[in-house]
Amino acid sequence: MPTSSLRYRTFREKAMKGLFFLSAAFSLLALGAIIAYLFASGIPFIAKVGFFSFFFSTTWAPLATIPQYGVFAMVLTTLYVTALSVAIGASIGLLAAICLFRFVPSRFVTPLRWLIDLLAGIPSVIYGLFGLIVIVPFIRDYVSTNGMGYGILAASLVLSIMILPTMVSVSYDALKAVSPLYYEGALALGASREEATFKIVLPAAKSGIFAGLVLSSGRALGETMAVIMVIGGSPQLPVSLTESVRTLTANIAMGASELTSDALSALVATGVVLFVFALILNLSFSFLRGKESGHV
Amino acid sequence: MSDLRAFRRSRNFFASLKIASMVALGVSLVALVSIVLFVLIRGTGNLTFQLLFGKYGASPSIWPAFLGTLELIVIAVGVAAPIGIASAIFLSEYAERDFWLIRCIRLATETLAGIPSIVYGLFGYLVFVVACGWGYSLLGGGLTLAIMILPLIVRSTEESLLSVPMAIREGSYALGAGKVRTIFAVVLPSASEGILTSLILAMGRVVSESAVLIMTVGMVVNIVPVSPLSAGTSLALDIYYFASFGYPEEASATAVVLLLFVLSLNLLAFLLARLFERKKGLHGQS
Amino acid sequence: MDSLDWAFPSSALEAKDLSLHYGPFEALKKVNLKVKAQEVTALIGPSGCGKSTFLRTLNRMNDLIPGCHLEGQVRIGGVDIYAKAMDVSLLRKRVGMVFQKPNPFPMSIYDNIAFAPRTFGIRKKEELDAIVIASLRQASIFEEVKDRLRESALALSGGQQQRLCIARALAASPQILLLDEPTSALDPISTAKIEDLLATLKSAVTIVIVTHNLQQAARIADTTAFFLLGEIVESGTTEDMFRRPTDKRTENYITGRFG
């Protein structure tokens, strides 16, 4: 009896370990499948259309009689939107984090952080809705020079609000991680509280803050729903802040009803570009975060 | 004396930065809160019984979206949770840190977490809608969402497992239990609260998600889905539909429902986390 | 406070009936102490008896702690440092502090030393260079770091970092230097270097040092004050304190009966 139950137990141990391992390997499998499907469809297509034609042509017309597949306008729009939203959202977010860290009485800090974290969970469609119903008309009526509310400005404003909670959270944690001895030391040398915070603590937190920047950029880059509701959707070259354009993400979402096989491959190719951009950002974030915890 | 001027100027400059930071905090809070307020103000007035529970006919109803959302949660979390928890068990209980395969698995998990949701949508379209031949379906959407939330579940489950003290495992082994028994009888129950919290947060992600669904479930707003293979819609997707096709009041009203759903899930997770922390404190574990 | 050249009329310090509460807890009970100019005054006593707290009242670092309530007076050269007209930054320029654990900023050695002068408006390179070199010399560390002023201060050894912190405090031209157990984290050789340094510094800067190490107090201090449970039990010349203590508690502490 004991021998067979021991053998059964060993078998069970091995089987479970195998099961657990397969589950863990599933992530690898899934990633592999995603890369395979995307690249298998997308890369040959880019090759077919021609690398330069795909990336640098400004005409996107998959359903025309002579279809054209140039994503340059979308790449440019994506870069503008990401850059502008991060510039606005990250600077406000960082300053807000500094305020929470140093200038807010401590009993308010936890409830405020909790509030901001809660608001981080607002679904992106709702940001899009807000953008559509509040921000777009506002821009159209008060800011725009050409009577349009849609465009890069609207999308950037919406996205900058969206990345605020991330930026505030990550920056606050980075500031908190700086040794308080530095702050005390600066004060003891005669610096004011603001000088000590901005001249000593802030620079000491810079790698964590930069990691937050990269994370926020990734969010802005990959956002679809909030963007398609306020950006207009026309695949033209962006020349002003208030004209209808589209980002790479919008390009995919809006083209989803175009079902010719070439048009589909074109979308997949767009997806590949997006995937690579996001990958670069994501790997830099992991790298930066690893560097920072190396110091601690 | 120019020293004094420079000194004062510097101090005043940094003092003004302090004011700037306070303005920034105010602006952030106002911006975020006004989104919630906007939704509540515009939307609650339009919450009618017809919209919530009626049949989609001449006037819209989000009942199909309700059902769709629930189905999506069941499929996505139902598939991702076992795989994710099992993954995390392997990574925390069995894996040697530096083995190259383990590093690859971790890298894969990190990478999956960083893929934009529309790219997941594209993948889901290629695999489930086209390659499997299902056309638009809730099942396809749910499975795609499962892959998307997998990294989250793996990461936070692993954290919960790692925070279970070694001493507990050793106690179990010392009593003659094997590894598998230790995991199921001792480690998992210890970590169960953290795991539960992360599942609730994953549910929140499923409910909020729309980019994946726009390419996989078909945004069929008016038909109640009969099976997982039917096309369908979700609450978030309905908001997009209403907003883009000229029903702003319905969009806002649906937004109220979605917001309440998501915020209650987050609140639940937060309260559970607090509850568990207090329980842990009582038992002297940390 | 019209000018950054403002200084206390003398660096003699007096604490009168100084009491301090952290909320309900009374950390200092009617402390009276006279610190003579250009001397080393040591504060000794068991842990947690108020020595560091007292030290921090001398440059108003306790202002940072919420719920901290102070009564009594601290006067430097006759000037009440808790008066409303007192500019705290200028106070800390003239009363410098070195902490128990060396805390150089994560910057170059040069930038660490230049921090205080820059705060107080000095921007010209020649002036800053002169101050940096002079401060490093005063802290007896110039020869060791003169070729790596642009390198990170964190690369220095513990003892060097602490001397760097002393140099950094000196760069603000203080009249009084407060040191809170500056050598407790250091090896004996670095400790000896710093003790020698303090002995030479006192002619320029009045020194108040908190120390656990009775031998250290005996070696370098001119005046010693013994703290117990938030009060000064006894104070006087170091020789008197160690050879002929008048209070039994002082005698017990010095002979090692407790501590």
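Read from first to last, the chains carry the letters A, B and C; within each, the first residue is number 1.
Going forward, a contact is a pair of C-beta atoms (placed from the backbone, for glycine too) under 8 Å apart; a residue touches a chain by one contact, two chains touch by 3 or more.
Every value quoted in this text rests on a predicted model; they were computed, and no experiment measured them.
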Of A-C and A-B, whichever chain pair has more C-beta contact pairs: A-B
Most distant chain from subunit C, judged by the mean position of its C-alpha atoms: B
Central chain (distance from its CA mean to the mean of all protein CA atoms): A
Separation of mean Cα positions, subunit C and subunit B [Å, integer]: 53
Gap in Å, rounded to a whole number, between the CA centres of subunit C and subunit A: 49
Distance from subunit B to subunit A - Cα centre to Cα centre, in angstrom: 16
Where subunit B touches two or more other chains at once, by residue number: 10-11
Of all residues in subunit C, the ones touching two or more other chains: 89, 119-120
Multi-partner residues of subunit A (at least 2 other chains): 192, 195, 199
Touching residues (chain side subunit B, partner subunit A) in the complex: 10-11, 14-15, 17-18, 20-25, 27-29, 31-33, 35-36, 38-39, 42, 82-84, 86-87, 89-91, 93-95, 104-105, 108-123, 125-127, 147, 150-151, 154, 178-180, 204, 207-211, 214-215, 236-237, 239-240, 243-244, 248, 251-252, 255, 258-259, 262-263, 266-267, 270
Residue ranges of subunit A in contact with subunit B within the complex: 9, 12-13, 16-17, 19-21, 23-28, 30-31, 33-34, 37-38, 41, 91-96, 98-100, 103-104, 112, 114-116, 118-119, 121-130, 132-134, 161, 164-165, 168, 192-195, 197-199, 218, 221-225, 229, 249, 252-253, 256, 267-268, 271, 274-275, 278-279, 281-283, 285-286
Residue ranges of subunit A touching subunit C (in the complex, touch as defined): 106, 179, 181-182, 184-192, 195, 199-200, 203-204
Subunit B to subunit C touching residues, read off their complex: 1-11
Residues of subunit C touching subunit B in the complex: 2-4, 89, 118-123
